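Pasting the structures here.
Across the two complexes that follow, chain A remains constant while its partner is chain B and subsequently chain C.
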Partner chain A sequence: MTRYIVKRAGYMIATLWVIITLTFVLMHALPGDPFLNPKKVPEPIRQNMLAKYGLDKPLYQQYFIYLENLSRGELGYSLRYTQRTVNDMIRDGFPYSADLGVRALIFAITTGLTLGIIAALNHNRGWDYTAMLVAVFGVSVPNFVVGTLLQYLISVKLRLLPVTGWEGFKYTLLPSFALGLWTVALMARMMRTTMLEVLNQDYIKTAKAKGLSSREIVWRHAIRNAILPVVTILGPLVVNIITGTLVIETIFAIPGLGRYYVQSINNLDYPLIMGTTIFYAALLILAIFLVDIAYSFIDPRIRLVGGKE
Partner chain B sequence: MEKLLEVKNLEVSFFTYGGEVHAVRGVSFDLNRGESVAIVGESGCGKSVTAQAIMRLIPSPPGVIKSGSIVFDGREITALTDRQMEKIRGAEMGMIFQDPMTSLNPTMTVERQISEGLIKHQGLSAREARSRALEMLSLAGIPRPEERMSQFPHQFSGGMRQRVMIAIALACSPKLLIADEPTTALDVTIQAQIIDLMKDLQSKLNTSIILITHDLGVVAGLANRVVVMYAGQVVESGSAERLFANPQHPYTWGLLRAVPRMDRDIREELHNIPGTPPDLFAPPPGCPFAPRCGYAMKICHRERPEVTSLGDGHQVSCWLQHPLAPATLSPVNGGAINGGK
Partner chain C sequence: MELTRELFAPQSAAEGQAEAIHRPSLTYWQDAWRRLKKNKMAMAGLVVLTIMSLMAIIGPHMTPYSYSDQDLQSTVQPPSAKHWLGTDDLGRDQFTRIWMGARVSLFIGLMAALLDLIIGATYGGISGYLGGRVDDIMMRIVEVLYAIPFMILVILLMVIIGGGLFSIILAMSITGWVGMARLVRGQMLQLKEQEFVLAAKTLGADPGRIILRHLIPNTMGPILVSMTMTIPAAIFTEAFLSFIGLGVRMPLASWGTLANDGYNLMRLAPWMLLYPALAIGITMLAFNMFGDGLRDALDPRLRK
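Let's look at the complex of A and B:
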C-alpha cells in the first residue's frame, strides 16, 4: 500500500508538471500582453512594467523562474489586483467555492443514489419512471438555466429565498441545487443501472435462499456491489462540480474563486491564470487519487493488485 | 418413513411478452426425512423451476405458482406470507446453486456470508456465529478454516467456493437441502469430491436432499430415488436401483443410453435423443416426448398417458404400459416391459 502511494505520488507530480508546462505555453501563445489591453499605456511605461514583472526576459527563463517560485509555494502577484498575491486570492476565494461545491456534492450524492436505488427497486413501475424523468431533466438542462429559472420562480416570484449573495444557509440552497442537479441525474441513472445488474446476480439469489429480507438483501448485499462503478466516476464528478461553480458563482454573485478564474483569462493576468489552473488541476488529481484509494477499500478484489499477489 | 415434503400437481407458469410459458405442468413427488431424491432431465424441463417453487424463489413477476400444493414439514408452502417464508428459507431449507463462481458475494468475507443466516435465524451472537461458521467450514472440508474465514470469495477456487456454498446452506442445519446442479460448473475430480461431501454431511446432519442434475453419474452416487422430468412433467420416478436396473420410459432409456460408458468400444458413437423438446408456450396435448420417441403410437400424440404404478414406488407415464400396447423390449437392459406380453 505504501509503495503504491509513493508511486502514485510520483505520477501525480509528473501529471501536474505536464499541466503546468502546457498551461504556461498556451497562455503565452495568446496574443498581446497584460499591459496592452485596457487603456492605452504609453510605450516606455509599458516597457518598464514588463521589465518590473520580468516579462521582458526570454520565455524559457520566465518558465524556470516560475517553476522555482512555485517550488517554494509562491504563485506570484496578480497583475490586475496589484496589491494581492495569487496565494491570498485563492485563500480568500476558495473557501466559498469549496463550501458551495461540498454542499452541492452532498446533495448530489445522497439524492442521486437514493433516486437510483428507488428506481431500481421499483423497476418499470411508477417510481422508476418518476426518478428517471428527474434524471433526464437534470442531464439535459444546463445549470445556468436551472439557476436563473430557480432565481426567477422561487426568489423573484414566490419570494421564498434570496436571489443572490452568500450570507447564510438560506443563500446556499438555490446555488447548491442548481450546481448539483446534473450530478444527481448522472448518479441516479448510473446507480439504477448497476443496481439492476446486481439484483440479477446469483449471489442475490443466495442471499434470498438464506432467508434474508428484501431490506437486508438490498442494504447488505446489493448496494455495496452496485456502488462500485459509481465510486469510479466520483473523482471526475467532484471536479465537474468544482468547475461548475464558475458559472453558478457568477449567476448567484458568490465571492468564490470561480470568477477570478474566468476574469484572469480575459485580463491575461498571467500569474492568476497559472495559479488558479494549477490549483484546480491539483485538486482534480488529488480527487482521482482519493477515489482510487477509496475503491480499494470498498472492493476487496482491488486490494490484491498492489500487494504481493 | 416420515414424509418431509409432498409436492402435488404443481403448475408454474411464466407470463412473458410472448405469452404464457408452462414451465412446470402438474409435477408430483414426495421426499422422506433423511432421503435424497434426484430430479433429472435436460435443460428447460422444469427441474430448476420446481426447486425454486419449493423455496418460493421463483422471480415474480413473471413467474406464478398457478396451482398445486407443496407441503413442507406439515405446512403448505404456497400459502405462506413472504415473512413466514423468510423464516423457513435458510433455517429449514438451504439451497446451493450451479455456479459457485458467481453465487458468493464478492465484497463480503466468507465468515460473514456464513454467519449472516445464523445470526438471523438462530439469534446467535457474532462470536457464537463465528465459531459455528468455523465448524461449518471444517465440516465442508476446507483446510485451514481459521485463516480462510476472513478471506473473500475471489481467494477461493471453484471447488472450494462450492464447499463454502454448502457450508452456508447447511449452517442452520436445515431439514432440506436443494442442490441445483451443484457439480455442473466443476471439473470431474472436484465433482466427485463435492458429491462425497454432500453424502457425508447428509449422514452427519440427517438432511434430506433434492438434487437437480442432468448427470446420471451424479444421481447414481447420491440419490435414493429418482424423478425423471420432461417438458414440465414427471415421466418416470422410482428408487434409484429400480430405475437404473429396469427403466420403463423411452425417455429414461434415452438418457441412460446417452451416458458415456468406460466399458464400451471408444469408436462406438455416443447415443443421442434426436429432436428438441416441445415449445412450452403451447405444449402438445399428448405425451410431450412423443415427437422424439421411437416407440410412439397414434394415441401418444393425442392423449396424455396415465400414471402407471409398477409397485415399490416405481411410477411411469407412458402408453406402452397400457395392456393393449405392443410388447416392447427395453433397449437398455433387454428386459421386457409391460408385463412381458
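Let's look at the complex of A and C:
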C-alpha cells in the first residue's frame, strides 16, 4: 500500500515537473521579450525592467529562479495589469470556481446515481430508456451549448432566472446544471452497468432467498457494491468539471478563476496564462492522485494488484 | 410413467450430417457487420454521419454564396428563402457557413484521430513488440505524459503556436496519441505470443513486417472502437477551444466558432446559436450511438 502511494506520488511529481519545464521552455520560445511593446520603453528603463524580472540572466539561471519562485508558491505576474499576480487571481477567483464546481459535482453525483439506479431496477422498461436517453443526450451536447441555450430560453425568454452573475442561490442553478450535465450522463451510464452486474450476482439471489425485502436488497446489497467501480471515474469527472468552469464562468459572467483565465488567453497575457496553467495542472494532477488513493482504500482488490506491481 | 427399454431407439448416425456446415462461414468483419446491421441505434448513427459527411462535401456548393462572402446590406437576417438559415452580423450566409464548419470540424476530428492512430500505434506497437527494458522505459514516459491534463496542455500549446486549423490538429495530437499507444501495446502483448506470429518469424519475416502485416490488423477492432470515441472528442475539444477564443482563424468557420458567434448575437438572433448547436449535438449523438454499437459488434467478449 505504502509502496503504491509512493509510486503514484513519484509519477505525480514527474508529471508536474514535465509540465513546469514545458511551460518554461514554451514561454521562452516566444519571440521577443515582454517589454518590446509599441509604446517604446526607453532603453535604460527596459534594462531595469529586464533586471527586475531576472530576464537579463542566462536561460539556465532563469530556469532555477523560476523553479525557486514556484517552490515558494509564486506563480507569476501579469503584463497587462502591473499590480496583478497569478496568486491574486487565484485568491480572488478560485473560491467562486470551487463553489460552482462543488455545486455541479453534488448535483451531478446525486442525479447521476439516482438515474442509474432507477434505470437498472427497471431494466429494459420505460424508465430505463428515459434515463439512458438523458445519458446519451448529456454526453452528446457540449456544456457551452447547454449553458447558452438554457441561458437564452430560461433567462432571456422566460425570465425565470437571472441571466448572469453570482449573487445568490438563484444565480447558481443554471451554471451548476450546465456544468454538471455531462457528469450526470456518465455517472448514470456507469451506475446502470455496474448495478445490472451486481443484480445478477449470487449474493443477491441469496438475499432474496433469505426473504429480505426488495428495498433492503437494493439499499444494503446492490447499491453498496455497485457504487465501488463508479468511484474510479471520479478522477476524469473532476477534470471535466474543472476545465468546464472555463466556459461556464465565461458564459454566465461568474467572477471565477476560469473566466480570468479565458480573459488572459484573449489578452495574450503570457505570464498570467503560464502561471494559471501550472496551477490548473497541479490541481488536476492532485485531484486524480487523491481519487486513485481513495479508491485503493475503498476497494481492497486494487490494493493487492498495486502491491504486487 | 415407467421408462422401458422399448421407448428408446438408437439414433442412426446419418453419415457426416452432424458435422456439416449449413451456413456460409463468416470472417470476423462480416460477422461484426451482421451484428452491427441488427443494431438500429448504431445504424441510425451511421446514416446521420453519412448524411453529415455528404453535406460537408456538397453543402457549401448548394448556395450561390461562398462562406466568406460578406453582404453588409443584409446582416443578421432571419432564415428566409434567400438565406435558408439566415445571415450573420457580416451578412454571410449561415447555411454555407454551417456546412463549411462541418467540413472543418469533421476534418479536424478525422485528422486528429488519424494522427493519434499513426503515432500511438507505432509507439505502442514497438513498445509491446520489443518488450523488456525498452517497453519499460517507453511505458514510463507514457505514464508521465498520460497524467498531464489534456485540455490544459492543448490550451497552452494553442496560446504559443497561435490559432488555426493545423495548430489545433497538432496541439491535440501531441498529447492525444498516448491513450492509443497504451491500447495498442496491451493488444500487442497478448497477440505476440500467439502461434501465427511464431509461424511468421519462422518464415523469416522481419519485425516491421510482423507488426504491420500481422499484429496491427489483428488489433483493428479495439482501435476502430477507440477512434469512434476520439473523433467526437476532438470535435468537442475544437468547439471548446473555439469558444474560448483559440479556434480556427477568420473567416474560416468551425461549429465551435459559429456557436461562439451565435452566442455573442444571442439576444438579437437566437437561430445563429441554435443551428451550430444542433449540428454539434446531432453529430455527437450519432458518433456515440454508432460507437456504442460498433463496440458491441466488435467486442468478442460480448458475443452470445
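Going forward, the second predicted complex is superposed on the first by the 248 of 309 C-alpha atoms of A that agree within 3 Å, B and C clash if a C-alpha of one lies under 4 Å from a C-alpha of the other, contacts with A are read in each partner's own complex, and residues count from 1 in each chain.
Note that in this section a residue touches a chain if its C-beta (ideal position, glycine included) is under 8 Å from a C-beta of that chain, and two chains touch if they have at least 3 such contacts.
Note that the structure is a prediction, hence the values are computed from the model and not measured.
Considered on the superposed chain A, chain B and chain C are sterically incompatible, since they clash.
In the superposed model, A:Lys210 lies in contact with chain B only, and not with chain C.
When the two complexes are overlaid on their common chain A, residue A:Ile298 makes contact with chain B while staying clear of chain C.
Looking at the shared chain after the overlay, A:Thr23 reaches chain C, while chain B stays out of its contact range. Annotation for chain A, partner touching more residues between chain B and chain C: C.
Applying the stated contact rule after C-alpha superposition, one finds that A:Arg220 touches chain B and leaves chain C untouched.
Taking the listed stretches 80-88, 188-196, 242-250 or 314-322 of chain B in turn, the superposition on chain A shows a clash with chain C for 314-322 alone.
Residues of chain A touching chain B in their complex: 201-203, 205-213, 216, 220-221, 224-225, 228, 298-301, 304.
Residue ranges on chain C touching chain A, taken from their complex, read 143-145, 147-149, 151-153, 155-157, 159-160, 236, 239-240, 243-246, 259, 262-263, 266-267, 270, 273-274, 277, 280-281, 284-285, 288-289. Those residues of chain A that touch chain C in the complex are listed here as 11-12, 14-15, 18-19, 22-23, 26, 29-30, 136-137, 139-142, 144-145, 148-149, 151-152, 156, 239, 243, 246-247, 250-251, 262, 265-266, 268, 270, 273-274, 277, 280-281, 284-285, 288.
Within the complex formed with chain A, the residues of chain B that make contact are 55, 57, 83, 85-91, 93-95, 97, 99, 102-109, 113, 116-117, 120-121, 152, 154, 165, 168-169.
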